[in-house]
Amino acid sequence: MTIAAVADARSPLGERLKAVRALSLALAGPLSDADATVQSMPDASPTKWHLAHTTWFFETFVLRDHVPGYRLHDPRWPFLFNSYYEAEGRRHARDRRGMLTRPSLDEVRAYRAHVDAALVAALPTLADAALELVELGCHHEEQHQELLVTDILHGFSENPLEPALWPAARKVPVAMPGPIAWVEGRTGIVQIGHAGDGFAFDCEGPRHDALLTPHALADRTVTNGEWQAFIADGGYREARWWLADGWAWVKAEAIVAPLYWEEQDGVWTRFGLDGRRAIDPAAPVTHVSFFEADAYAAWAGARLPTEFEWEAAAAGLDPAGGNQMADAGPVEPRPGGGLFGDVWEWTGSAYRPYPGFKPVEGAVGEYNGKFMSGQFVLRGGSCATPRGHARASYRNFFYPHQRWQFTGVRLARDL
Amino acid sequence: MTIAAVADARSPLGERLKAVRALSLALAGPLSDADATVQSMPDASPTKWHLAHTTWFFETFVLRDHVPGYRLHDPRWPFLFNSYYEAEGRRHARDRRGMLTRPSLDEVRAYRAHVDAALVAALPTLADAALELVELGCHHEEQHQELLVTDILHGFSENPLEPALWPAARKVPVAMPGPIAWVEGRTGIVQIGHAGDGFAFDCEGPRHDALLTPHALADRTVTNGEWQAFIADGGYREARWWLADGWAWVKAEAIVAPLYWEEQDGVWTRFGLDGRRAIDPAAPVTHVSFFEADAYAAWAGARLPTEFEWEAAAAGLDPAGGNQMADAGPVEPRPGGGLFGDVWEWTGSAYRPYPGFKPVEGAVGEYNGKFMSGQFVLRGGSCATPRGHARASYRNFFYPHQRWQFTGVRLARDL
Amino acid sequence: MTIAAVADARSPLGERLKAVRALSLALAGPLSDADATVQSMPDASPTKWHLAHTTWFFETFVLRDHVPGYRLHDPRWPFLFNSYYEAEGRRHARDRRGMLTRPSLDEVRAYRAHVDAALVAALPTLADAALELVELGCHHEEQHQELLVTDILHGFSENPLEPALWPAARKVPVAMPGPIAWVEGRTGIVQIGHAGDGFAFDCEGPRHDALLTPHALADRTVTNGEWQAFIADGGYREARWWLADGWAWVKAEAIVAPLYWEEQDGVWTRFGLDGRRAIDPAAPVTHVSFFEADAYAAWAGARLPTEFEWEAAAAGLDPAGGNQMADAGPVEPRPGGGLFGDVWEWTGSAYRPYPGFKPVEGAVGEYNGKFMSGQFVLRGGSCATPRGHARASYRNFFYPHQRWQFTGVRLARDL
Amino acid sequence: MTIAAVADARSPLGERLKAVRALSLALAGPLSDADATVQSMPDASPTKWHLAHTTWFFETFVLRDHVPGYRLHDPRWPFLFNSYYEAEGRRHARDRRGMLTRPSLDEVRAYRAHVDAALVAALPTLADAALELVELGCHHEEQHQELLVTDILHGFSENPLEPALWPAARKVPVAMPGPIAWVEGRTGIVQIGHAGDGFAFDCEGPRHDALLTPHALADRTVTNGEWQAFIADGGYREARWWLADGWAWVKAEAIVAPLYWEEQDGVWTRFGLDGRRAIDPAAPVTHVSFFEADAYAAWAGARLPTEFEWEAAAAGLDPAGGNQMADAGPVEPRPGGGLFGDVWEWTGSAYRPYPGFKPVEGAVGEYNGKFMSGQFVLRGGSCATPRGHARASYRNFFYPHQRWQFTGVRLARDL
């Protein structure tokens, strides 16, 4: 893990910690205890669990390990709120997280307050190694903030009443985007991976050379309107556009459209955090799987970019720009975005280690390396990514059938 | 359905309705919104769902069908709270009931209040057919009260913290029961099935002759202490005691003891509504499946009673006696009970129609008849059966592997 | 087990043994080694396995246990060919029987010859207990002959080429049967269960009194033509005719007609041992499950008979009459049959022990008793039942969804 | 697809065709009709199916499409023997291939003879495009020859008798290999992918530049003896060596050793085509999954090579050398091999398209591209690869849990 040097920036870290912790609470604000408790599928976790797990991370790796005399808020809770750290011992089964009606949402809030207070008190005296873990914990919590939002969306979608978490954002009329323009990318050897002394996850390094062949990237992502054309052309009914595993998935799951889409009286609608509404043809398509992204690209006579092509294009751009999540409120892809924000962009790159990658020692080292099989890399961040969390070198990853994140498609082609 | 004539007993029905409705609310009293929302397995339903479904039953079959001008509390809710009445149209998938974080527990309470008020207002003017449905609704709700209690127990058992719903009841020291005494039963033709003008479910009739062969019933149910001996003797490890389907179940599910039992430091404990405690060797064993009951009987050189033998023995006894649920509070089988209360007693009788049985016409007619395959009859009621709900002719039924109800064993043998 | 006294009829037993053993070989006559090896579903077994298992039964319970100095044909084979006798030790997994390409069909034939020779040689000196086991073995093998035929049919049905085992039998033109006539049955106490000194399986006794209520049985079974009317009337699409478990099965398995039926160009066809042909509207419907039989009866305003009603009607009739299997050749239900032969008739009786039933001691005692949960009784025998194997007291049993046997429906109603 | 120019080498192609077709028959030589018919798992196919499918490939893409007037051997068979070519229409379900007891092995041999004769007759007149398809068909059949051998091994392993296909090869005593020596690989830009005018599959191109970082490869593959040390050190019991998906697989499948290994009286044995024997500690470990290979490498402080590192090392070596399959007879990894033969070597590279890859148009174009998700690349060929089929650029691929091929491990490390 290439954790950035925290240098003497100690008070900023304290501010950042408070801001991150506050956003999580704010996201859970509109939720009832029940909303925050249920689990709609094994891939998703309850809000309460996200709130507690991110707290457990700080409690375990910072307070327990680096603050002498710290006493666990409740010694039975690590079993409940450890996610997957095998080195931290046995833990509650992932697919039974929705059974935890106790502790309540209020008790979890109290847990957060307890740990926050201890962290703030300890901060001035923590050694650098511990401060790095505090920073890691902030980034870790930001990851969970995005999951929290997408998991709530999934949970609400399972309720036939289709409740809205937030009112719809005011729509600004936008002209339909024109045809894709192709932007030629860099060719030859480029530097890939995190550089500099800012924070990055272990899997973003080591920085290394990569070789790019002549190619171009689309200047924008695929829109809902374009996706409708794919559907209308029988895209989901023709095997030839699909990877074999993707076609098996389409048939087994009876997939006919992106997740949350439903045709009502001839109109395609989508369910979102503001309820069910007609799709916006100008906005980026989202909630599509890698299989769908790849099939769409084949249908369109193009391909998905590699993660290196994407990173080379993004180098130098402001990763905090675009439509990302700044506070708790309406979240949705908007027309006309750039490389960062709106939707995570599926790449054609399998999630594998960079040359020279080594996991960190100890429990924290289970962070990313052990997921490096069967998943594909996504780049760029989405409308649900906390602003400030994105980076050009950031590697998100999901299985090729998963689509409950805000995932979309940018096309590429060979030159 | 042999619904009893309600005669001129109209005000008592109103009192009964209020009492039944109040008990359901009281049972849910200690629960949080989250406790009341989750679903721990497809067989179980959330408390909130029980509270709403029983209300839907009254709203649909009484208010909607018999009260001119009644408007549904919420026209979207019948889809959510219909259980299995095919004639009432499409409904929410049974195994997704735990996704309904909305409506909230409070909103469901408001639904109950709304319907209760409409029922009470309508009661003086309802025709007999409608009053019979009110009475049916009360019995229906009592059935769900028992499920509500056992479903909560199952849900809490899935929480590693093993919360207690109620404090433990005060234990009165009891002498260990002596060996079973055998009570000779009636032989020859007996009358079986509901008689008289009280309420009964359709499957309890028609009353008919049945033929009993010489037999005896044990004077008490099998105890936890006796069950320990069965375990210690390798009862769960020897195929010869088991039905083939039972043995397959034992191996597939790795069954080694009754549900909720756990050996801790050499002591058998059980989880109950008062948390985890050591088993009471004098109390009736409970949470055993038909397969276990049958295997135990084989091991003990006996057999299970038929439902007719049981009913003949129970005829004339007070069905409201014994340890049954009178209000919201600690519920557990106690040592020394009789035929009624404590534990439902598995019989060796498959749940099939009596001679001349005909389901009632219409949606209410789906009540019992359609479950008459693959299940076994239980008799007598349990500590979670609302007092007043039990009858000698009452036929409860579950699949042979199910055991989350308070189910136990009374032995029988041929003479 | 109420095994009949074999008395001094020793040479007839030898003749019978030879005839039974010869029929099994004849049934396998048209099969290739491959035909005899594959297993089309866990419920079915390969022909080769049937041939070997029935031989193992004689080798184990007669030769090994009663003939001093007998050496097993191959000491590794009991593991392969034990079916479900737990007391006989570990055995090959039932659903992997199709993996046994070795021993070959010829090697299994040699096994049969070896065991037959040893049996014939031993017969004159065997004690009565052993002779009873020889007789049991003959009946056991006859049971497997019927399974062998129905398992081959199922296997061939899985081959898209739909091969025919035998040429079609010559059809004799038959007038369409008229409407059902209702035959009043006996009322009051009747004697049920095997009587006399002939052979019977353990589950057919003890003989005991049973009480019949006023009823009538149809004078014939339901025909293919009548079943078409049920289909045309939407029988498979309306929940109200079905038991809940049956309806779930219809939806999960997409059931729309009896097994092996297929609509081709508007004509209903069925696959049989003579290939695929148009159904004969006058012939008894077959390959229907209990769920289908029960739904049909509900649709027809009738019910299924109880097993006691059926047995009372059959008492005194010739059980060897009707269309049963006399040698290896075309087998199919024919129009116009009586109570015995053509199709097994589903009864509404769950398969449970008679009063006073006790399994025999030892491995042979696993014969029938351990299957007494979840299954329904069928009576009468079918076109694939070896002639001489049927009895009025005979209790066949299958799970309510199973339908690869020649199973059909006779209606009953209350008077 | 970069199919090689066949140029004027027409008579050699005819010779090659005959040799390939003859080897398939020879491999099936020791099999009975039953051996050749059964299917032991969905991943495996029956021998008879391999023999017929490879024939269908020639019949369809060469004879039907390029030989005027050719009539199909049997018009019903394409449905049976198409594997996965969606463009060729509906086909028999992959996991039901074991149901095809008809056509028999002899009938399939006649099919082969029929098609072979037609091919040989047509060869002199075929256009280049068709000749390329003949060559493709030969390579396609060689792929199936390897599967045929490994599928038979898997099928025989499911038989508790554990039959041997061939007698054991004579073992030549070999000194235990010493410790691994590390061979430094090339660094910088290398050319990867098929070059020249020989045959290659589409996925081996386009040839392109790739960038290698400093690394070394082990001079030999991991041995059975070394694998025993991994087992003895608890390798299968410690999560820390495993990818998360791999660890889930180990637990779900109770994996404790390579496939076909069994500990008997303290000695590790393996099942092979010569039956069950003690493992040879000097021979390369085989039948390990990618998950196991990756875990072993982690435990050994190394990693798997990338497919580019491997190809760079293999460039210039004789791909026909080493222990590969030359005729029908004993097949097993041997001590002391090089990069080619003995065992396929798992690489750390996900199977994805090379820059500029495009599938060929038409049904043949479904050849490789559609499998490019979720699988990992293996290199080098095995003892069951037909000699002449291997190439430095050859990319084999399997899912990370699959291990019924002769798969092994070569370690790599960063320098």
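Lettered A, B, C and D in written order, each chain numbered from 1.
Quick note on the criterion: contacts are C-beta pairs under 8 Å (C-beta built on N, C-alpha and C of every residue); 3 or more make two chains touch, one makes a residue touch a chain.
Protein identities per chain, from UniProt: A, B, C, D = Ergothioneine biosynthesis protein EgtB.
These numbers come from a predicted model, not from an experiment.
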item	value
Most widely separated chain from subunit D, with each centre as the mean of CA atoms	B
Averaged-CA centre spacing for the pair subunit D and subunit B, given as whole angstrom	59
For subunit C paired with subunit D, centre-to-centre distance based on mean C-alpha positions, whole Å	46
Distance between chain centroids, defined by C-alpha means - subunit B, subunit C (Å)	38
Multi-chain contact sites of subunit C, meaning residues that touch two or more partners	none
Listing of all chain pairs that touch each other, if any do	A-B, A-D, B-C, C-D
Footprint of subunit B on subunit C - complex, ascending	84, 86-87, 189, 208-211, 213, 239-240, 242-247, 290-291, 294, 348-350, 352-353, 355-356, 370-374, 376, 400, 414
Contact footprint of subunit C on subunit D as seen in their complex	32-38, 40, 76, 79-80, 92, 96, 98-105, 155, 158-161, 163
